[in-house]
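After this come two complexes, each holding subunit A, first together with subunit B and then together with subunit C.
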Partner chain A sequence: MSVHLEQVAFRYPGSGFDALRDLSLEFAPGLVHLVTGRLGSGCSTLLLVIAGLAPHVTGGSRSGSVVTLGLDPGGSGRRDLAGRIGLLLPTPWTQLSGMAYTVAEEVAFGPANLGWNRDRIREAVDGALRLVELERFADRDPRTLSGGELQRVMFAAIVAMDPAVCLLDEPAMELDLETTEMIYQHLPALARERTVIVATTDLDRAVRVADRVVLLDGGSVIGEGNPADVLGTARAVEAGATTSAARIAYLAGIAPTFPLTVSAAVERFSR
Partner chain B sequence: MTLGYRPGDGLLHRTHPFTTASLAGAVSVLVFVLPGVLAPWGLVAGLCVLAAVSGLLPVLGTAAAFSAPFWGFLILIHGVFRDDLGTAVVLAGRISAMLTVFLLLLASVHPGRLVDAMLERGAPFGLAYLFGATLQAVPQLQRRAAAILDAQRCRGLRVRGSLVRRARAVIPLAVPLVLGALAEVDERALALEIRGAGSGARRTPLDPPRDGAVGRLVRWFLLAAVTGAVLWRLLS
Partner chain C sequence: MTALRFEDVWFGYGAVPVLEGIGFAVEPGEAVALLGRNGAGKTTLTKLVMALLHPHRGYVWVGDRITQGRTPEQIAARAAYVFQHADQQLFARTVLREVAFAPRQLGLPPHEIEALATDALRRVGLDRVGHEHPYDLPPAQRKLVTLAAALAQQPRVLVLDEPSQGMDAPSIQRVADVIRSLASEGVAVLAVTHDLSLVTEALDRTIVLDGGRIAYDGLSATLVTDATRARQLGLGVPPGVQLSLRLDLPGRPLRLADVAAALRAPEKGGRSAG
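Up next is the complex of A and B:
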């Protein structure tokens, strides 16, 4: 397992309640893991804990054990894990390094910080920009890009670091439908040699590429397993975390397990 | 009127960031050390020539726009109330020279190159990033303020008219500006950490600035000029 959490609880500074409660989870490489739940259920916090940023950067207190790639990401393993964990945040403009005047420089910021040689950096930058189809923007000032283009640049910036664990927090927040599809389509290939964990409420699209789902509510795990078993239930609908197709099936009084996609619903209703 | 780095390949753009920073430091000291009306305005004239040959003439307009309110106050206080126009002219020259040299620094030094230059000299990443980010802070706040101003105007805020009305408009602009900047700092800290800023590895300079003999000579000359001017003032 590349990520292992045992009885993890986390509380933000000044908060009167735990954002995560008694979480025991494992995330294996080679899969696209989907972490979901209604807003405030702890999905983003879980990613920060896995990355070691909570409580190291956010403050607060954590209990339990977190092991990412064999190391404690918030403690002694922090330096050894630099560059091996990638995290994409939902707001692209706050992730800009502020040191780059071209998109290529922005993507190169992480690899340069890791001390890679220039040839390797150039190769990683070219490959990452090709992946998000932004090669033609390589010389553009990142501040002149739209929110969606910038989010693709930040996705490329994370991929360029070649992390073993990819954490994506609402990766499609700023994207149009077409680009969202493009990003999600890359995830299975990305997960081939990595652990990919996506935290999102955009389940209509994410569910198509997810191999496993973790459903959170109030900071606790209320469901875990393959997408159909977890999200196709009445409990998922009541927890505010399922797809439009499943919600319609639930409202129509169809018996669980609900279909998660339109094509699955068509197949089910046509029987 | 845009603050911040202006891409280009003029004289100042080709100059090593340390040399431009040394110039800014030297001018800031010399305007106070050198006596008389001519010295600060002479430095301003020199900086104007430097801006012209570096393709940064628009920076002079920005410097004048920033300096003008100070000139007005100085002429009012010293020239009108104290009948001492000479002091007003000297002080105005000092302010203009300092504003001009720092705006030229801001416009010609790419923060990434400054960071690369500092790291090459063995500075820790945190310190280098702090300097680079400082160069970025003003233009970033300017862009954010413009966006907030537009948003508040759309919501009916009137920012033109009497002095009282303008003063009243400051709060709905300043509060989101400050709170937004603080929130951004938190998220940027997360993003920087994850992108290897605290990795402890020696960062690879992507395009390290070249530091030639002429640049080094200029820095020694500036140091000598400042030291000489300070000693001369102390001993005379």
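Up next is the complex of A and C:
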């Protein structure tokens, strides 16, 4: 397992309650894992804990054991994990280095700080920009891009570092439909040699590429397994975390397991 | 009186043209979606409404007030703006103080300020967190705080930039309910969004920007049921609508609850499933 959590709890500074409670989870490489739940259920916090930014940057307190790629990201392993964990924030403008005058420089920022040589950096930047179809933006000032364009740049910046664990928090939040589909289509290939964990509420699209789902509520796991078993349930609908097709099926009063996609719903309702 | 009017509006950033000859009007009580690909100029257009930017050519009218030569403060009495990212907007120490800011600036008496703020928080479902710090709430709830702050302003025009972004299904439904209820009260709503489900639930008319111009201006229902046209404009058909069309449900319902109702009631021509 590349990520292993054992009885993990986390509390933000000044908060009166735990944002994560008694979480024991494993995330294997080769799969696209979705983490979802209603607002405030702890999905983003979980990614921060796996990345080691909580509590190191956020403050607060963590208990339990977190092992990412064999190391504790919140403690002694932090330095050795640099560049091996990529975290895409849902607010891409907060992730800009502030040191780059062009998109290509921005994408090169991570690899350059990992001490790579020029040829390797150039190859990584070109490949990452090609992946998100932003080659023509390479010389643009990142500060002049729209939110959607910027989110693609930051996605490229993560991919360019070739991390073993990719943590993507609402990776399509700023994107239009075409670009959203492009990003999601890349995830299975990205996961082939990595662990990809996506935190999202956009389940209509994300569920199509998900291998496994972790459903959180109030910071606790209330479901875990393949998408149909976890999201096609009344519990998922009531937790505010399922697809439109499943919500319609639930409201229509049919018996679970609810269909997650339109095609599955058409088949179910055509019987 | 027309709530919002663009007359042959042109705008660009430096040498990069963004909007080229935009013209449309929104009447009181209309709820309009503003769609388009990333970089189409949607947010730019909303900033022109609020006088945060001014046209290089043409005019923008908010009610009877032209934005030319005016500041955002002078437009704020007529129009409220909910930013795409709540963190660009929030500054008060409690949710209640945040929401009460606009009525306080308008010089209303304390009891009215409190009533407006409390009512606005109730409408967005945040009446229990009035004394929390806004930044102690998750990002999507912070966004609901900014929506409540706009409601407390009692605007005649409400401009929303991606109001459902990053929200879960119940929160999106809440936003849709608020938009529908505002429109029924005569408020003109202009919402930038990529969320076609929100469009179907709450925004009856759609304007699509493409290449700096208006590529579609018409009924949302017409657009979301025309997959070919929607795809040409970089849009999709929401799952509920797809289901309605593929099952050929009677009356062709589009909103999620209506689709479910049609499926729930076989005696009314709907379907059941095992």
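What we mean here is this: the second predicted complex is superposed on the first by the 271 of 271 C-alpha atoms of A that agree within 3 Å, B and C clash if a C-alpha of one lies under 4 Å from a C-alpha of the other, contacts with A are read in each partner's own complex, and residues count from 1 in each chain.
The rule we apply is simple: a contact is a pair of C-beta atoms (placed from the backbone, for glycine too) under 8 Å apart; a residue touches a chain by one contact, two chains touch by 3 or more.
Just so you know, these numbers come straight off a predicted model, no measurement behind them.
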First, second, both or neither for A:49, with subunit B first and subunit C second: neither
Touched partner set for A:117, first subunit B, second subunit C, both or neither: first
Partner chain in contact with A:207 - subunit B first, subunit C second, else both or neither: neither
Touching partner for A:91 - first (subunit B), second (subunit C), both, neither: both
Subunit B versus subunit C as contact partner of A:262, first or second or both or neither: second
First, second, both or neither for A:23, with subunit B first and subunit C second: neither
Subunit B versus subunit C as contact partner of A:271, first or second or both or neither: second
Subunit C versus subunit B, contacts on subunit A by residue: C
Partner chain in contact with A:178 - subunit B first, subunit C second, else both or neither: second
Touched partner set for A:157, first subunit B, second subunit C, both or neither: first
Intersection of the subunit A residues that touch subunit B with those that touch subunit C: 91
Residue ranges of subunit B in contact with subunit A within the complex: 5, 7, 110-112, 115, 125, 129, 132-133, 136, 140, 143, 184, 186-206
Of subunit A, residues touching subunit B in the complex: 48, 51, 53, 56-58, 78-79, 82-83, 85-87, 89, 91, 94-101, 105, 108-118, 121, 143, 157-158, 161
Subunit A residues within the subunit C interface of the complex: 12, 14-15, 37-40, 44, 90-91, 144-149, 170, 173-180, 201, 204, 240-245, 247-255, 261-262, 265-266, 268-271
Residue ranges of subunit C touching subunit A (in the complex, touch as defined): 13, 16, 36-39, 43, 84-85, 87, 136-141, 165-171, 194, 196-197, 234-236, 238-240, 242-243, 246-247, 256-257, 259-261, 263-264, 271-274
